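Below, each structure is written out as structure tokens.
In what follows, subunit A forms one complex with subunit B and a second complex with subunit C.
And now, the complex of A and B:
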């Protein structure tokens, strides 16, 4: 046993190939680090992604590898450069990440979130829109909206998102500098005064689940106002954004009526924040085939996935394609997997794996699993 | 068109018939002519009654008599068949509007295929028109003379040809051994360019050997045959009996490929390319173009390898390239339609392997042949049978 461990250790450190970078701050990443892995601090990881943000298979892998390592890839670098170079006083620029299934759109988004966190952005992050609209667990809480006629509330989902929001923006909310601009009256006894901290608003939504959707709506409005007033800069990241534009959700009202996505209060809130009528922020959304049912996944291009409505809603936006691994990235990934003992065997299998997985990151990871 | 014979209908009469061919005719005539010169040369003894010859002439054994009758019958039958075949061929030529004089067997086959299109799966069961010599099995010639005395010295073994072969082989072995002794005694070195290449051929199978010998042999006898021939071939001077050994060997089919490998063409960029058409597997049909040198780009119907969703199909496609180690040295372009993923990928696999023949050396070709890359998979979907849920699947057994 000891000798085997020793052998593994020797092999691990005898590999001179460089696949890791010690530069753990995304703000410092540049073309030099392209294709290399950097590690996210586990505490930070817990803070940012505890309530979603990584795909489930990636979460499993981080557990196996006992570290959260993300590859610095070209789309993320491009986006970082764009965000750094953009003028914050101008209306927000919308970026759309698109690409085939399993090419790493969500991981790229996670990379950007890490950047946003480091740069002190206020993060508005939706881990997976389909979780609200398309996934119907046994106890899906639904109710008709009290404030908006003909709309549907998802109070539990909204509350869960508020918790996510709170944990992601712990430091900013604790400082208490962000204040509400007007008074919100929830009921006869419950009101949120103008000038109360944003954290109080969020807390109210979490403790009074009934009003969670309205709180989300108010929160979004407040964030926009605060950003415009340059009190904070905001980073909006929505994964699976195209789910908002699919003609039907899988939700049913108690009267068995199919619910359209635009009839959900959460949709209207997040539609508001993805328009470009505010500034001092950045909006990154992904268009993902996986957000749609199997029979509507013919193309991965934004025009198909966002439908005309979504396309016009986002227009003008900056499309950024997340592609498959390039040769360099693939070799780096192979070395990383070998280091983690995720991939073993003779070096000949690498060429074969490259072809069978077609350099698709997710397929490559899956195919290495039994090796 | 009585000559168009459905082979199925013909009973296999080989065991009943005795072989009948030219040697048989020769034998008989030689016997009839043997007598006349004997009487002609002795013109001194013309007036003397040659009782011996007379008695010999009359003494035709019953076996010979029966044989002669049968032979004559067969002879007539064959003549009739041959005549009919010739007439039929002329009719066919006229029907096809061609010159009957230059109408060959190849034309006949083509005409039959045209006039009697058949979808029967087994080609042996399709209509055919062949010269009668090919259809009616050969018969063994008379093995005894008119007096009933066998020609062959091993006649009473029951399998004279087989035991003659064994006898010859044993004798050759003995000869070779004595030759070797002689060479050693002379202290000469063996001839370097006299060698026996047994890699490209195999021993005849039992069925083939039976056909050559016109005798049925048992498994044990076949094993003995192989043992003795192996022993003969393993001797250092076996090349002296090359002819004898070659008679019982059959060349490996891979030899065929060596002759047929096409020369690659060159496209406008100066790259060698080979296009293989008719790549088939199951219901998939397509063509494959392999270009060398390349970078390992694979294009299937305009998409890359992601055309196939599952790993197995992708593996199938790249297997010939991995096997020959040309994964990043050639470009592949395929057009394929029909069938499902496994059929399509199988067809492409065959197409790539078939095209790669032009780009690999003969040793690799041999290996590809052994690996089964150059073999077509002719299996098709089996039809569902009435009364059961699938092709082979039977209904669930239920007591009642």
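And now, the complex of A and C:
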């Protein structure tokens, strides 16, 4: 038993220098760590990504590997440099992550979320927009909006998002420094007073699901006001943002009318926070082919995925491509997979795998699974 | 018995054979004939019957002349021998031609009685000296080429309209070919002197007859039975399109940004958002009217020109990795962000 552990340790030590970095704080990451893996503290991971944030296959992998390790890659470093260099007193800059399927847009976003959390940003994170608009379980809770004529509410989804928001921003909300600017009247007996903490607003949305969508809308407004007043800095991350611009959702009203994305109250709220009429924040969205049905996945470039409407909404934005693995990253990933025993066999298969997976991170992971 | 018939020849040898055959069949006679055998000469076994093979005399007819191609003078006038197109004839062509299926280890079949050579069309009537002499002969009917039309550019300049027709020549009972009626007119659009609106309308009118990469308008007519009619028709079409292009109809004022044939950055939402961003950056919050947006001078915004070009390029020349990259660079300059690291 001892000798086995010893061997294990030796192996790990001999390889550790190659692919792992001990620098676990994203704010300190720079070009030196490029291509190396860093691990996220499991508690923090649970706090940030418990309600979504990682793709399902990656979640499964973290469970298998018993750790959440993320590779420090060029697009994330690039974005970090941009966020650090940008002037916070100016209108927010929108960043659009784009790239082929499975190249790691969502993982890059997760890396940035970690950074935002460490830097004390207020995080407004939507794990996957299509979850609201395109995924229709048997009983999707839908109702006509009481406050917005002709709009559709998704109260359960909104409440779930509020829980996500609450867990991601525990520390900031607990401190109670963030306060609402005006009074919100929900019904005869329910009101949220001006100057009550933001946590109360969120709590109200979670407990009174009927008003969840309106709470989200109010929350977004409040966040913009608070950011403008420099009381907090806000980091907006939306994965699969292009889903908001596909001509139709898969939702139907009780009268069997097809719902357009712009008729959903959640859409209007998140459109508001992605305009650049506020400051002291950063907006990172991804344009993903997977957010669309199969017939509209011909190109991975942003204009095609965002449509004219989305392009005009975000313009001017900074497009950042998330590409396939470079040689260095690929070797590092191979070493990591070998360390986790995800990949075994002679060293010759590496070149072959590189060829068959075309250095696509997701495909490489999939192809290693049976090896 | 068959052996007997085959070897039967009316001479002395046959009798010997006869005797031998008889002898084979009777064992009693063998001893009586033994003496005769000793007297005979030693016979050689001749299986291939070389001795018996008669040399057949090849008789050559005396009245057949040697081949004409062998008697041709090397300095003869070939044009006289082969004046026009005709099927291959071996005796008229003094060339050692071979053509056809090649059996293994052999040469291809020679030119005589060779169907392969007769099947293919030949150009033996079009040798360079013959062509030369024929050109000389028709030169007297030609006029001189204008001096000033000495280059392709000059020709295009003075004769911008190009009419393309095809003539067909064949030896069927009718000398007419229906394809000869087709007339194609080709003209460079830049030579038509159109203004911006007329050019756009002209391109819309001719549709796919305009090729933007070569700037050529190609109009083809084949609806009339005679070539002259078709020529008149293509000329009419060009004239009609040209004059229609200059007309401005009432409904053309309803043209919106979606109908534009190209992306004009000044009229689009991109400029609006840039101006809004700029105003916000300066801390002014005022709403402008559409015309104010269009006439807003972006030169006061730093790096706005590069941004403008990048967006226009992206929209006009289509989305590609190249244009997106260019846009990214322009936007980073606009926002004052660090450049992307080139790995």
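Quick notes on this structure:
Just so we're on the same page, the second predicted complex is superposed on the first by the 354 of 371 C-alpha atoms of A that agree within 3 Å, B and C clash if a C-alpha of one lies under 4 Å from a C-alpha of the other, contacts with A are read in each partner's own complex, and residues count from 1 in each chain.
We adopt the following convention: a residue touches a chain if its C-beta (ideal position, glycine included) is under 8 Å from a C-beta of that chain, and two chains touch if they have at least 3 such contacts.
In this text, all values refer to a predicted model and were calculated from it rather than measured experimentally.
With subunit A as the common reference for superposition, the partners subunit B and subunit C occupy clashing space. Legend: residue contacts after superposition of the two complexes on their common chain; A:45 is shown touching neither subunit B nor subunit C.
In the superposition on chain A, A:351 makes contact with subunit B only, not with subunit C. Touch criterion met: A:303 reaches subunit C, while subunit B stays clear of it. Look at A:367: by the touch rule set out above, it reaches subunit B but stays clear of subunit C. Of the two partner chains placed around the shared chain by superposition, subunit C is the only one that A:319 touches, whereas subunit B remains out of contact. Of the two partners subunit B and subunit C, more subunit A residues are in touch with C.
Within the superposed three-chain model, A:82 lies in touch with subunit C and out of touch with subunit B [touch as defined at top]. Two complexes overlaid on chain A leave one subunit B stretch from 98-106, 188-196 or 386-394 clashing with subunit C, and it is 98-106. Contacts from subunit B toward subunit A in the complex involve residues 296, 298, 304-306, 311, 314-315, 318, 322, 327-328. Residues 100, 351-352, 355-356, 358, 360, 367 of subunit A touch subunit B in their complex. Residues 31, 74, 77-78, 81-82, 85-87, 90-91, 93, 98, 276-277, 299, 301-304, 312, 315-321, 326 of subunit A touch subunit C in their complex. Only residues 268-270, 273-274, 276-277, 280-281, 307, 311, 314, 319-321, 324, 327-328, 331-332, 334-338, 340-341, 343 of subunit C touch subunit A when the two sit together in their complex.
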